[in-house]
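As written, the chain order gives the labels A, B, C and D, with residue 1 at the start of each chain.
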């Protein structure tokens, strides 16, 4: 039971991270910096609780805010570039963050930051945040700003011709993604009790992208679904445990070939909603 | 001392160049980021290691053999993970090559173990005096081979039909097709050549670092990307020069900057970010329109 | 005068796409710009709507100098446009597409989105939706409101695009080859729609290759060729002008 | 030589061309006219294999080439000179010309054709070592056509060769096409919006409107046709 709870908690944090990737992605920005933002959030929150004795919730929020501010600042130059260039910029940023933490002795350097107070209710906090995020994304979907974000993601030129300040929209989305990732990092830090720079490498950012893309990026339920499935499934595939990574990789390739839009699409959401209303 | 470091930097840089050429070639021809390119390099490093260990063949035979194997690996990757993709989702190639990365990395862990494996001392590790400067013979050989490969590669690109077909593809698939270039086959061969170069780089990194692990792929993939940006996305000649520049810059940064801080990586990624923000076309111009 | 283009030029890396073009668009008119392929018509639209920077000259909208203003600000000032190849937001429904057009006339930000009470649709959202529905009705597309825009046939996509442009309450509407790829029947319907929009007092600047459409509805026509304005006048004047016929059909030898 | 039967084609779901049938006989210059968006380029691209037709068949030299890849069609001697010229701007002028002969291995024939190109377009010979991107628009068009000649075409497809050129160059290009017909006896399928000049050099012509053929006839017939003028300046020609 404890084991399942632990897996479920990690899944919850993964949902948060997948959504943090999704926020800027809605405006067409593909970020490989989310693990870097999580690192900033994790370290900031841990410093708050360990060094200054700030309680858990404000510490996590401070972690989010710090990451959000850094995201905002990084977002300004990031706006000028697109596609693969943005991918590389965020990748480089994520790595720099990691290397910087390796070199800060105040937070333990390469050896890691131990002694972070354990939050035993992490499960509830993580899913509480997920719930809040679901409400936010759902509201965003049918709102002026949400439509603007999707419009920018679909076609920047057409968006700007229709009166949308694309710079502002993209920057807000990018900073919001960093903010979410920062809070996810803070929650993670107080669940693991120990953080080290290795926990926030590029491959983690890649993993969040995989969650989102596997689940589907047409609607925010996709990243949520992807994070849950890809967090749980390997745990239950005990009989193929030894090969789960290879299966995971092959699954990704097959997905891209046969269903690149992901598992959850607009149509499937509509279908599910219909079933719920019908019954 | 400074000259000594300069030479070391050039050696390191020449392997970066080999990795970056592959990136630049694939990006130039297909406009996509081949995420598993570093893993091809890693496979090449192990391949070279085991050919030398098991068969006792010398480096100058193991190297071309490895290049053939990784070249074929690259073509298999293209055939299985890139060719079947539909064109309507621009992230699909990135993600499916991430899938390839995950598979190759974990297979390597299973086969070779997750810890580092030592490269055998197949080459006499004598140091050679180049005038007043002492240089290890291994590194000299590496630089020599890298430069030789780059020259051969350059000639292929400039003079052969295949090379011209690749350059035409890099400008426009449509036009190349109208000129009679078999687009699919050329793309296929492009992956082969790029991957063969990555395999060569792998062997040489193994020889010079004298230890390899299944996780070296990502490190060198990132370096390769920085170099490609430095030289201009998709610009293969730029990638050659960019590799040398980054190698020298890294080695000098270790020598000239305070040693207690590990600035080497910050340095290269810092360069990358600065280039992306201020001159995304790279130092030598981009091949993308 | 709603729009004044003063001696405008545009150079792309040595190639002169437009030079010394001056056009005055009067309020309430349907003003057409014609000319053969590559004459610089769409470039001119891109300069007016702010997609490119201008190389020479000035563009004034009412009393405002447009040079250097961002496209979204120009939209807010009241310049709407459609594209030569329809550019709807493909992942959105038809209704959502038109609702995006209301963006710069409404104000809810992120915080208001997340923290508005009571639950349910805010009054502004309702107002956006109603307005968008009105425009869909205006172009006759209400029956498609809930469909994904990318799945519509081309002529209907064009109508939705026009509705989206109208939703931002433009005083000046730029239409870039609205009839391209349409059959004669669809072209006639479009013809009627443009006249109807003009009837609401909106000024229309139109690029069009379909001469039936152009000659039928425009009050004044400017002809571009090789990036320069060669002729300007009423449809009758332009139709008879030998320079125009030559620009289109090429020189006749005999 | 080339015959297209009931071809419908387009990008994605929407078809730009419906049930088009046309024919080009050996030694003929055939022109395809029509307004923007009428589907001219779509037809050409379908012939040369860049688009797979949704329906219909294409024959060349009696063999079916429907759905073949571009390089296979080039191999049969159908050479497509693209709209906008399709110059490989980072390669030199010489390399561009060599690319034209990509599938040929008869070096004598290639050299012979190279001489022929130089005779036609001496300007290209002066700029052999220059990278093609630095040429002027007119020179690029010469290069594009010259590159087509280098392939030793059985059928040369020219898509809007006069587009965006100054009047003097337009004159020169049409002069070259006339020469191709009269001296070199090339078979040419030409798309043009410069109707009068195109019809003067053409044996026959087809007029396309919103993806359908609405008129066909000899060059002289169409040249004198009032409806054609309508199609451009009046729009409403119907069958």
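Just so it is clear, a residue touches a chain if its C-beta (ideal position, glycine included) is under 8 Å from a C-beta of that chain, and two chains touch if they have at least 3 such contacts.
Quick caveat, the model's predicted, so the values are computed rather than measured.
**Student:** Once the contact rule is applied, which chains count as partners of both chain B and chain D?
**Tutor:** Looking at chain D and chain B together, no chain touches each of them.
**Student:** Taking each chain's centre as the mean of its C-alpha atoms, which one ends up farthest from the centre of chain C?
**Tutor:** Chain B.
**Student:** Which pair, A-B or C-D, has more C-beta contacts?
**Tutor:** A-B
**Student:** On a C-alpha centroid basis, what's the spacing between chain A and chain D, in Å?
**Tutor:** Averaging C-alpha atoms per chain gives centres 52 Å apart.
**Student:** Using mean CA coordinates as chain centres, what's the chain B-chain C distance in Å?
**Tutor:** So the centre of chain B lies 49 Å away from the centre of chain C.
**Student:** Would you kindly tell me how far, in whole Å, the mean C-alpha position of chain D lies from that of chain C?
**Tutor:** Taking the average C-alpha coordinate of chain C and of chain D, the gap between them is 32 Å.
**Student:** Residue numbers in chain D touching 2 or more other chains?
**Tutor:** Expected reply: no residues.
**Student:** Could you list each pair of chains that touch, in label order?
**Tutor:** Touch list across chains, by label: A-B, A-C, B-D, C-D.
**Student:** If you look only at chain B, which of its residues touch chain A in the complex?
**Tutor:** It comes out as residues 27, 33, 80-81, 84-86, 88-96, 98-103, 105-107, 110, 218, 222, 225-226, 229, 233, 261-262, 265-266, 269-270, 272-273, 276-277, 280.
**Student:** Quick check on the complex: what are the chain D residues that touch chain B?
**Tutor:** Chain D reaches chain B through residues 48-50, 69-71, 74-75, 79-82, 86-91, 95, 98-100, 102-103, 147, 151.
**Student:** Okay, in this complex, where on chain B does chain D touch?
**Tutor:** For chain B paired with chain D, touching residues are 161, 164-165, 167-168, 170-172, 174-175, 177-184, 287.
**Student:** For chain C, which residues are in contact with chain D within the complex?
**Tutor:** 15, 36-38, 151, 153-154, 177, 180-184, 187, 209-213, 215, 226, 239, 244-245, 248-253
**Student:** Can you list the chain A residues touching chain C in their complex?
**Tutor:** It is residues 135-136, 139-140, 142-148, 150-151, 153-155, 157-166, 172, 176, 218, 266 of chain A that touch chain C.
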